[in-house]
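Take a look at the structure below.
Labels for the chains are A, B, C and D, by order of writing; each one numbers its residues from 1.
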């Protein structure tokens, strides 16, 4: 049984991680760190039964004798890097949910982890569905090189396109380059600017922003008198939890720093 | 029983109209005009059984004693206007499928028709599905003012957005103005230009161009934790035929010049 | 300004109604009834700021001198009928969200309301999107009599088909009967029982039950080389709130008992 | 350059194969067999330019000195088996499009092919899109074991569910068994029989039959607050051609009898 702790266990994401880890039969919820909830019960804070574990005020309190096997960190990008250095330095595996680490930072974490036999997973998206959508899209692009992406998000999301759409496009472009296939040339003339969307190399992205949506994406492949569509619908951040639980279980088998949950599947 | 003739009866659309009119129990296929097929049997040219009607070489041949009740004209915009003046001048109703007539030309046709008790329908789209999609979209926009349109066509279609998408957007904008409702302000920032599509006033349009598609459109309405989508799929120009047949039957009841098949529904 | 009270204001739906009414500029949140929260502040119970209104323990406390214009009741079918008789008897309009009232009960409520100049709305579904989906589906069925419904719900929903799907099918069948149109005869042979779904007269319903879904429905119309789809996606019960607020505002203009929110649109 | 011939080259499918093979830069259209068109030019019969190749009346005429590398056979199941025995017996590779061969027949063909160094591909579906839809669906089912299939076909298709839907379900069930995962138990109660579709073991299938559709399928995966959909749309039998061309090119590399185009991808 792997012992798991959660950084930021009093936050929105952190509380969900506590619940998901506790509910899993193969993992043990061993502790939480959150200065604003120090001393309160980790389970109670998460909205479940008492786990009889007081919340730690800092990482230093939990990296000693009773240190866990894995720590999950969904706190802010600003502090994740310092957290990760400490955690890996203590020989504890770490699962990180952020897109905010530079290549240099990831290289430094990889070195610390190697020196201490601790593994590290950094993933921008823990939704199994989103990860699998990207994986099969790259696979399909070899056979169907004409691809467009439609992503639909709530109009509270201010930027467009979404990070997931851009990442999907990049993976598709790489798969097409590897398979040495290209899309038919796009000869369309825009009579209204923007109609034909944004381009990431050979892939077109359209961003819909409407109330009533959460996070959705369609990858559309045009063929010869046929079409294929892969659609992913995410209803809430809860869709990240199965991916976090899976990451906690598999991290022990993946030495070094891994970028992207897809490498664990 | 209404007697119907077809201008350009040897062309791609014309042959389909001959077949559709002939197959309808309430209409009589009474003749065709096509100089390139003059003298050949109208039915044989259309690929059905012989109708024992030789193709006429010009309109003048059919507007005399045995003139029909209705003529359908899907020939090129360049000659439709001259055809229509002759046909209405002869007191024959005309069903016109083109987007290429100016307001002045339509006014002139209306005047000629009025003087000769002949009605005229001009419609850019005879697909019942497309017409109904536009009609219900305008209806829904009063309750759901946040709207985006995705239209998908074969990548042989060079312009974007499609005429149907622009017309749908206009009808939605008119319906919203009449109901005095507006969309939530669009605050999204494009990190890649074009991601947020094209704007027709308050409605956003995204144009997908991929092989494997024919003519498809989704009108998406965002609500409060809910969304509505109206989707139309057209597999071929054959989808125009029920609308053409309906127009032939109803034109006698609609005096004057009518613009858009929706007014016959 | 209309004064609104909420029966069951401490329940899941009730708290959302309190918030939605309070947030609306044309309505005044005037009180709540919930014996289990008697004396607590109605706003605090709902999770918003204090409204300085103590929760009433029973209807009798609020139907006196300071009685409201409208009461919203989403409590259990078992007690709604008794509540409604009291409320209408006191000359107060009532908005009821339940499918559990019989025709006899509705007739009795109508009579009480009439005698006391109080109006009553009974609606099984307050989602504007669902109501509009049904309305436009009935409209489209006149032109496209071949219709199938696919409804998708979470697999926690034990019955199939959903009440909304059955109601949609009934409205479509009525519209088709009124327009005197019928679907093409269904000649399909099932090689596996159940493949062709359930029948409500002339309309076929398919029920999907999968985790990851909330409440979704597609109404699919087949045409001549074309198809139309109306799709509704509901992400949560919050999608009922705009309909409840609209009902509170419009109920004063609709004398008698009205069944279905569509009559207010 | 591989030399290809087509059995039944005067039939609907055969003519399309002639055109597709002729249009490919790496294949040579070397001849056709069709007794009803014997002596006519193979290209003219297919509706393209003359290829200066007279149609053969029987297989015997083409399996001599100038025999081709590959023969494509989309004729009727009744004669395909006899054709295939002759073709493989002559040491010529054969691409067969039928679902009508038994295991015993396939075993016999495999033996003949082995003895004569000739390869054989038997595939029920040559659409790359359909094949890839099945492949990725099996892949996704390991991570999302709750699966339902909706297939939509024209109402001229009399049986339900479609062969492709049943095959997809079987491949999904096999993938789930191999991954040792099962769907959540289906507890739904049908208030109308058929609502919950047909079962192929652990996978539910719903069959929509409406005019306006050709051949479409959605495979829907339910997850934890998320869902994935793979959709395939086929607009015509032309969607088989890229798969047939690919099969002609790859058959030389695949010794023995192969069942299913997916093994060539």
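By definition in this document, a residue touches a chain if its C-beta (ideal position, glycine included) is under 8 Å from a C-beta of that chain, and two chains touch if they have at least 3 such contacts.
The structure presented is a predicted model; accordingly, all values stated were derived computationally and were not measured.
In terms of the distance between Cα centroids, chain A is separated most widely from B.
When the interfaces B-D and A-B are ranked by how many C-beta pairs touch across them, A-B comes first.
Centre-to-centre spacing of chain B and chain D amounts to 38 Å, using the average Cα coordinate of each chain. Centre to centre, using the average C-alpha position, chain A and chain B are separated by 48 Å. Under the contact definition stated at the top, the residues of chain D that touch 2 or more other chains are 212, 221, 223-227, 233, 235.
Those residues of chain B that touch chain A in the complex are listed here as 146-148, 150, 152, 155, 157-161, 166, 184, 186-200, 204-213, 220-227.
For chain B in complex with chain D, the touching residues are 212, 214, 233, 235. Within the complex, the chain A residues that touch chain D are 127-130, 132-133, 136, 139-140, 143-144, 221, 223-236, 238-239, 241-242, 265.
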